[in-house]
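Multiple structures follow.
Look at the two complexes coming up: chain A is in both, with chain B in one and chain C in the other.
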Partner chain A sequence: MLRYVIKRLFSGLLTVYFIATVTFLAMHFVPGDPITGGKARSPEIRKNLEQKYGLDKPVSVQYVIYIKNMLKGDFGISYTQQNRSVNDIIRAHFPVSATLGIFAILICTSVGIVMGSLAGVYRGRAIDKWGTFAVLIGISVPSFVFAVFGQYLITEINKFTGSTFLPVGGWGTFKHMVLPAIVLELSTLAFLTRLMRSSLLEVVNQDYIRTAKAKGLPQLRIFFSHELRNAILPVITFLGPAIAAITTGGFVVEYVFAIPGLGQYFVQAVQQLDYTVIMGLTVFYGAFLVFMVILVDIIYGLIDPRISLSKA
Partner chain B sequence: MTLETTTNTNQGKPQIISLSSDDFAVAEKNTGTQVLSRPSLSYWKDAWIRLKKNKQSIVALVTVILVVLATLFGPLLYQVDPAEQVMGRVSEGPSFGKHVTVIDDSSNFKDTILEGVEASPTFEAAKLEAATTFELTQPASSQGVALKWSPVKGASGYAIYRATEKPTVVTNLGVPITEITAGNQVTYLDNYDLKEKHYFYSVIAKNVEEAPTFKTLEVRLTEGILLTDAQSIDPNAKIGDSVKIPAKPFGTDALGRDLLSRLISGGRVSLFIGFFAPFLSVLIGVAVGGISGYFGGKTDNWIMRFTDFVMALPFLLFMILFKVVFGAGPGEDGIGPMLVSLVALSWTGPTRLTRGQILQLRESEFVQASRLLGAKPLYLIFRHLLPNTLGVILVSLTFSIPSAIFTEAFLSFIGMGVAPPTASWGSMCNDGVKSFLTTPHEFIFPAAIIAIVVLAFNILGDGLRDALDPKMRSIE
Partner chain C sequence: MSRLLEVKNLTVEFDTYGGIVKAVRGVSFGVDKSKTLAIVGESGCGKSVTVQSIMGLIPMPPGRITGGSALMDGKEILGLPLSEANKVRGKRIGMIFQDPMTSLNPTMTVGNQIAETLRYHDGLSFKEGRKRAISILDQVQIPEAKARVDQYPFQFSGGMRQRVMIAMAIACNPELLIADEPTTALDVTVQSQILTLLNELRKERNMSIILITHDLGVVARMADEVAVMYAGQIVESGTVDQIFYQSAHPYTMGLKEAMPDRDESKTHKLKPIDGSPPDLFHPPVGCGYYARCPNARKVCEKTLPPLFDVETSEMPTSPGSHQSRCFFHHKDAAKLTTLPRDLYTRHTGVNA
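Up next, the complex of A and B:
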């Protein structure tokens, strides 16, 4: 078990290193530079700025400094926002994205498991057919469309009731989070529902379910302690990629709902060619996702007795 | 010739059997007992028959083909320049060749300044009266509303308000349109953001403060066209004529560009990326995965380690990053960088899939038999291994097309996709969403077409999976 965890953590670190290197190389191939920034600067100022950000050194030296700083957990200072460190930006805005993401994950796993189970238990009936249809819609409609229609709907409700039922943008209270979180998790919810349904249908045909029925166990007991428990396992494996999808999907939702999350910062940084912010946020996001996937895998190993982590 | 031979029987006594040369004649071919009762079906024919039975998939297939044909041949049938801006027809809803009234160009409108009326008299605002008349000087149209009112005694100016509901109190007259700062100017031409609706104009006299009373005029706007615009359609058009304007089946956008022709040209971009990015990824994937799976060992190990790394890259994040790296210079459309970034990040899926399939097939009996018969590696790969992975790969291709279309749409929607003026469905959504509340058609049409195409591909993918790979068939 411990060996497996260490092995996974090591390969995770290697992946993060790879991400950091690719990002560094990518940023040095970008045409244009952040110092020019649309303003004509005198050679002296340019030189000073290059010195301040260490751009006067050869690329290989810059790379070593960059990796060293990263190991210390220091992502550098933003080019466009005077004297604001990338760590500062992450500290201020990541909690926003993370709160939204966790809320979205909670909604989609709980609703997805319930919906998928219902569709699986009542397969072929109306609820299954409508569920399958809803899943197809959820997969096929871009989230920004849901976002825009959601905002419109809420605006109309607000107008109708004459009070703010839910705010349609901004950040601050729990109410601000509801609509963006729902929009954010819709496509993941659709996938989860589908996964849960097919996984349940597979379990239903297993011999041990027949045994349970032959023993005369009550329906509910069979469902909860035999069918659901086994069918839920693939859903848990999907959680790793789902977290990835939801955190990176946040770009669009944060853009539409004007949420001061990290995704918006990333897009802004890319538009302004803010090297350090782009590199810092990419590595941070990358590391976050890599370790989330590892965490989910370890949890999966703990839950599923058929998988022995020590052998893997 | 007769031949005698001895065989041993269980009695131990030799027995003589006589054989004639007839006994060695070539046996007649035994026909008739093994006639195939059904025609032999190839794998693809069989799959096609199964797909045809699936009505949903056929509808999806037809939809996809129609949309593709529309984007390919649409410009031949609907010859409207997608970049042409008609300023007189901004944010129009769908229409089919309607007749509109020609009105005078706004540049020909002259304000009426009355002589003999004082421009800035001194007067108490509270004693100001409402204008006695308030009228139109030419038919009101969406191109402009020409207002004229009677001068009010003691006014040093007027304020014009516009509302969509009849105003009842002086404090609620609607949107302030203008303030006139001379008591003797009694006309105004309003052409600010007019729609073909009912409007209530109110004029209120001013002298430092506004008067306590006002005069309201109810105006129903018809659609109009400016004289110069009308003359570009029909050179003989005169003021007051009715002119038939070109149909806009999907309306126009905020810059007066035709939405249908933009949807067609945007579709070319979106579908080009949607088809080619997955196609190139699959080509690379089949090559790399094939090599990895067939040769195995160290090669396989290294290739797989590398794909694992690429797969760990957060997709959208690196998509944006790579797009910037392969950057679009000024004046470029940004389609190339988008394509390259998509391929650079999505070749790993097909690679893993192909490798897995090849690994499985490599050890299967028919491949071993072929190898035993002396088949060379290239022959094995092209004759046995690749054709047998084709079905699975085709299914994964069908599923990756909608996700490529989605990625393009997402990036263009947050302004990181194709560069204007090039249209794509995603960038059109981005343009349209800004005016969603007033002119929803600008957002709804591109959004709907994305949803329809992606839905069709998803259904088609499900159908193809069931048809091509019965083992993977989703449980019904």
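Up next, the complex of A and C:
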């Protein structure tokens, strides 16, 4: 078990290293650089700046310096934001994205599993048909549409009641989190519901469910200890990437709701070719994703007895 | 004579996109206490559906029990509400299935799967349930039951899993064990062990068995009584000796002619039964076997033969004990051409 975890962590580190390398190269192949434009007004200034940031050195040397610093945990200083280190940016804004993301994940897993189960148990009935319809909408409508629509709806409610039922933007209290979290997880929720439903439908047709019925067990017991337990396994596999995607991928939602999350910095950095910020955030996101996938695999191994972590 | 289970005129249909399938068309049989009844027939003849509808295991819809009754000790067990049905299945009737690889819950220890029945039906505590599970695993001859009880099905071989299934089915001391092709998915040596085990358990516990199989060798070895099914009906029934030594219905004869014999001195040629079973979307009006029967007459096509008592000179029979659904057993009918002499034998097939 411990050996498995160490092995996975090591290969995870390797993955992150590759992510860093590929991003670094791709970034430097993109025409332009962070000091083109506003800053480098004359060739002399440009030269000075290049010297200051080390951009005059060959890419290979820059790469080695960068990797060395990265291993020390130092992602460097932003090119475009005065005196702000990438570590600072992550420290200040990732907790915001993470809190929102975790809240969203909690909503979508609990609601998704319950809704998927209901749709599966009452397949073909009204609840299943409406559920399928809702799932279709949830998957196909992009989140910014839901975001704007949600804001509009809440504004109308606030106007109607004359008090602030929920704020439509900003960050700070739990109430601020509710609407963006719901919007953020809608598509994942829809997907989870569908996954849970189909997984349950597959399980209820298995021979061992017939065996459980032949044993004369009551329906609720069959559902909880035989059907749900087995149907939930594929859902757990999906959770790792889903957590990473929701926690890190909320740029649009963060933008619409004016939430000071990490997403906007990432997009800004790419637009301005802010090398250090791009690199730092990519490596950070990559590491986060890899870690989540490993975590889910370990949890999966604990839940599904057929998967042996010690032999892998 | 009071029988443990008496099934009368059971009729089961399924709604499908292609129409209504009449899977079981008026089947009657009975099982005596601590005896084995074998129901034998080819794939799709309705033998599994018959026992599954007794257990309330056919999905409804699309399935539908349209008629008949199943009396256990004189009490109706068909069409009970779920809570009542659950007092019968698992408790009074245990059931094992064809494929032990898929019939066990993969994410639950075998001990819990056995104990779960005991905890629910007999109100055992968690600890007692586990203890009983170990002793039952011991009884179905699983070595090192104490260590095995906490293992998962994937850690067992096919034969061992079938033993676990049996352990589960007999946990609550049922009066009747229904075994739906229990050895079909197993290799021959394991088959033989499982059959021996079933027989031992039956004797020890005074349990009746309904054995579903398509293997006449298994029938010859296990059964006290036999019902031969074809196209959703029983075409011949009798004691195992009557079925083997005085095979009466042309279908039973056909089966025997198609069966290899391990006795090399017997040199009859294997003769397959031509054609295929009738379409149960539109079951024939007359005899189900009409289209394939070498002895078919005009009357067989339009009129369904009732079950006639088979009368033979060699073995005197009581009325109703040996029956055949064939007009040739009408008392005024001509004698049916018989099988070659050496096919009237009981020990056929690899499992005998």
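In this text, the second predicted complex is superposed on the first by the 304 of 312 C-alpha atoms of A that agree within 3 Å, B and C clash if a C-alpha of one lies under 4 Å from a C-alpha of the other, contacts with A are read in each partner's own complex, and residues count from 1 in each chain.
In this text, a residue touches a chain if its C-beta (ideal position, glycine included) is under 8 Å from a C-beta of that chain, and two chains touch if they have at least 3 such contacts.
Because the structure is predicted, anything quoted here is derived from the model rather than measured.
Chemist: Is this a clash or a fit when chain B and chain C both end up on chain A?
Modeler: fit
Chemist: Rounding in steps of 10 degrees, give the angle chain B-chain A-chain C taken between C-alpha centres.
Modeler: 90
Chemist: Is A:K215 contacted by the first partner chain B, the second partner chain C, both or neither?
Modeler: So A:K215 only meets chain C here.
Chemist: Once chain A of both complexes is superposed, is A:Q206 in touch with chain B (first), chain C (second), both, or neither?
Modeler: The second partner, chain C, only.
Chemist: Please indicate which partner A:N230 is in contact with in the superposed arrangement: first for chain B, second for chain C, both, or neither.
Modeler: second
Chemist: Touching A:G76, do we find chain B (first), chain C (second), both, or neither?
Modeler: neither
Chemist: Between chain B (first) and chain C (second), which, if any, makes contact with A:T282: first, second, both or neither?
Modeler: In the superposition, A:T282 touches chain B alone.
Chemist: With the two complexes superposed on chain A, say which partner A:G138 touches: chain B (first), chain C (second), both, or neither.
Modeler: neither
Chemist: Which partner does A:P180 reach: the first (chain B), the second (chain C), both, or neither?
Modeler: In the superposed model, A:P180 contacts neither chain B nor chain C.
Chemist: What's the minimum Cα gap, in whole angstrom, linking chain B and chain C in the superposed view?
Modeler: 13
Chemist: Going by the contact definition given at the top, which residues of chain A touch chain B in one complex and chain C in the other?
Modeler: In chain A, no position sits in both the chain B and chain C interfaces.
Chemist: Give the list of chain A residues in touch with chain B in this complex.
Modeler: Interface residues on the chain A side: 15, 18-19, 22-23, 26-27, 29-32, 123-124, 136-137, 139-145, 148, 152, 155, 198, 201-202, 244, 247-249, 251-252, 255-256, 266-267, 270-271, 273, 278, 281-282, 285-286, 289-290, 293.
Chemist: Using the touch rule from the top, collect the residues of chain A that touch chain C in their complex.
Modeler: By the definition above, chain A touches chain C via 206-208, 210-219, 221, 225-226, 229-230, 233, 303-306.
Chemist: Over in the complex, which chain B residues touch chain A? Could you list them?
Modeler: These residues of chain B touch chain A: 308-309, 312-318, 320-322, 324-325, 327, 329, 402, 406, 409-410, 413-416, 429, 433, 436-437, 443, 447, 450-451, 454-455, 458-459, 474-476.
Chemist: For the complex, give me every residue of chain C touching chain A.
Modeler: Its residues touching chain A are 55-57, 82-83, 85-91, 94-95, 97, 99, 102-109, 116-117, 120-121, 152, 154, 165, 168-169.
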